[in-house]
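A short write-up of the structure that comes next.
Chain lettering (A, B and C) follows the sequence in which the chains are written, and residue indices restart at 1 in each chain.
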Amino acid sequence: MREFLKHLKYILTENPVTLFAGALFVLLVLAALFGPFLVPYDPMQSNSALSLKPPSLDHWFGTDQLGRDVFSRIIVATRLDLAIAVSAVAISFVIGSLLGSLAGFYGGWADRLVGRMTDTIMAFPLFVLAMGIVAAMGNTVENIVYATAIINLPFYARVSRTEVNIRRSADFVLAARLAGNSSLRLLAMHIYPNTLPPLMVQVSLNMGWAILNAAGLSFIGLGVRPPTAEWGIMVAEGAGFIVSGEWWLALFPGAALMLAVFTFNLLGDGLRDLIDPRRRT
Amino acid sequence: MDGNDKLKMILGRLLQAIPSIIGIVIVTFVLTRALPGDPAVYFAGPAADEKSIQEIRVSLGLDKSWPEQFWIYITDLATGNLGVSVSTGLPVAEELTRRLPASLELTFLALLFSLAVALPLGVAAATRPNTWVDQLCRVVVTAGVSLPVFFTGLFMVYLFYYILGVAPPPLGRLDIIFLSPPPITNFYTIDALLDGDFETFGAALAQLILPAITLGIFTLAPLARMTRAAMLQVLSSDFIRTARASGLRRSTVLYVYAFRNALLPILTTLGMVFSFMLGSNVLVEKVFAWPGIGSFAIEALIVSDYAAVQGFVLAMAILYVLLNLTIDIAYTLIDPRVGLDG
Amino acid sequence: MPAPLLEIQKLSVEFRTRSGIVRALENISMKVHRGEIVGVVGESGSGKSVSALTAMGILDPAGHVTSGSINLGGLEVLTATEGVMQQTRGRQASMIFQSPRTALNPIRTVGKQIGDVLRRHENANRQTVREAVIDALKTVRIPDPERRIDAFPFEMSGGMCQRIMIAMALSCRPELLIADEPTTGLDVTTQAAIMDLIRDLSKERNMATMLITHDLAMAADYCDRIVVMHAGHVVENASTEDLFEAPRHPYTAKLMKATPHGEGSLDDIESIAGGLPDLRGELPPCRFSGRCDRFEEICSTPDLTLDEVSEGHFLSCRKPL
């Protein structure tokens, strides 16, 4: 543990980028938790007298076609965007790693079944599959979450399958087996915990992608509906005003989205360095 | 190894694509049957009575058992029948084939752009580690994957159309003052060239450039990252040292020895890149009002035109399988070891 | 005696790494004459390969030459331009490496790889290159060269691959051949065949040959002269006969005791205590002093040099045997 903290300190001081990403992450979490209490305006309050005003001291990011404050809407949207991504990643993490470990541990038909399943998902361009799933299951926010979870599933299943498979015959596992532990207990208590670090790296690298996917789906009109504040749909609503020069409607929420994805990607790289110093590039 | 063995291996690759295609067919079938509610009610419209709903149910084959429905679905697919789009009233297969060239033209140009930037950048970064090129590569790689493709697109439109006024309005494949070129390949740029009409060619290219670059920027990152990593690894391998010890020219060492070996992992990444590309294609088509299969699917999604969405998902998946097959075959042709180590 | 083909004088090389400066070579000198096989012997990390790579001008970019000179057949290697060195490598001086399977390009036929070297250094068209490649394969006694020319490295055994490497290295008839552990990773019978081949070709072509190995017994069998290296220093340099008759440096003596011989049992083998010193930071004048049982005060006086103690016998030790 002391080694780990020392390494953590090394990573943070050695790589200011990771420190920066950490700070951004804290900011995002704060905005998600307390955003609605902090914003200067009601994100839903329209005011036709103030429509399409460019950024000013009163309205930092300007106002939209209904006179709503873009800055407030972006801050408030953080919660929904992160919630969609976090729940999608959580679902694919739990189900994917469960299936993957069973496949890696038992091998045989379980392995073939899980392998065939992940291969079938991967046979589609993933975003297109997500579109198909939302179209089939119904155009709701929950289904955006499920669709994003399904297309991320193969990554977790594959990582945990490999990790469990490597460890199945490791010395400490054999020792536990000789001590009379049952197979399932062995998997749950001895092998699975050891596969968590690489899976955590996968999670943080995956978060950014999940956010992008979910926002992409709402950009094309799936899931989130107006007047809900969400980055993807805000960009979609603002897109029409770009050609007439009202750039702040689309570009600010787009930039927020980019910042969030950027944060998770940087964090993922940092976390990978932390957990696996050898794979540093 | 002779050409015959290669041919056998390529045939083997083709066979390996069959399970994927079976999986795709099953998934698309399940997706339509999993539809919420009763499709017949939807197709019949709000004013329909019980009798007309029943008629539609029969005409759609929804009264039959699942295995029967699946059999009908497969035979329809085999004859190229993807159903009729309720929003346009035309057969889905016809709609898709009409719009596919627009999507392909965009995707190919984007891929070309992405390769033309990513490969040299990755090679330069790997041969000059820790210089400004390497730093640039790192920035591009990290920023590239973080950019939502629709954000990049809109930003480009704002900058190049609204502010600078150098790009045409983002409204489809060709400005309305031009007539589309005589259809041969249905790629407007190529058809215009074949027709010798350079003005139309220029106009078509002008429409293409922004969406292609938008799409290309997104896929550039994984390619550049892999090129850099693969080149770094190959350049540190023993046979590069041998080549240098034999006095081979730097260019020979770099391109004939290092780059060709690095191509193998790059090709593998290309599979993932195509997945990104076909997905982002939909978003880019919406931003630029591009009349490809992506915008067709979006319109269909909004009005719950299921046959159209299903046809779109199927078409994209088959396209993706074909692209992956091409990659596999290229891999087989480049690497003599393929198929020999199991 | 004629001028040596390769002369390394007072060469020092450092590696600048994140964890400090590694003094990989310090003031090393050695000569290799035409028709002579010189063995460079020492544990891994003693600087054998670094010396060879520096002589070829292909040292890793992290390595820096801080002093010394290398003369290769009249060419000043350390000041020559990269272009000149490229033309020298493969033509005047060639090098072969260990693990021949990974030292060849895996996705290019062996014939093309040898052809690349030939085309680089000699004016040849497609047809004459193919003939020259077949000749080169014949030289290294590869059976059925007309068929083997189109094979890939993975289709050949390790011994065959090493023959290919030798064919490639010798295709332009160089005057200097550096063989860096050429038999590591090959089985014992193949080792002997490869070493016989290298010796026969060296003698036949009157080449200057540097054989880098950690195997003193092999050096004894094939070399005319042996240079013993330890931790970036040359500690002893003598003709094979002299060296085995009367080793003067304690390290050489220990190395001999650590090498199995034909006669005597395995019980006679002694290992050398300790490991190589860390080459970062301050080092004593004699880098063996930490492992030496003859160490005395005098060994710590600075400016230890490599001196000729008898004719053709060089030594760097203050308490020699």
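Please note the rule applied: a contact is a pair of C-beta atoms (placed from the backbone, for glycine too) under 8 Å apart; a residue touches a chain by one contact, two chains touch by 3 or more.
In this text, all values refer to a predicted model and were calculated from it rather than measured experimentally.
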item	value
Topology of the chain contact graph, where touching chains are joined (line, ring, star, complete, other)	line
Chain-chain pair with the highest tally of contacting C-beta pairs	A-B
Gap in Å, rounded to a whole number, between the CA centres of chain C and chain B	53
Between chain A and chain B, centroid-to-centroid distance (C-alpha), Å	24
Whole-Å gap separating chain A and chain C, where each centre is the average of the chain's CA atoms	54
Chain B residues within the chain C interface of the complex	237-239, 241-250, 252, 256-257, 260-261, 264, 334-337, 340
Chain A-facing residues of chain B, complex	19-20, 23-24, 26-28, 31-32, 34-36, 142-143, 145-151, 154-155, 157-158, 161-162, 169-170, 229, 232, 274-280, 282-283, 286-287, 297-298, 301-302, 304, 306, 309-310, 312-313, 316-317, 320-321
In the complex, chain A residues that touch chain B	116, 119-120, 122-129, 131-139, 208-209, 212, 215-216, 219-222, 232, 235-236, 238-239, 242-245, 247, 250-251, 254-255, 257-258, 261-262, 265-266, 269, 281
Touch list for chain C against partner chain B, complex	56, 58, 82, 85-91, 94-95, 97, 99, 102-108, 116-117, 120-121, 152, 154, 165, 168-169
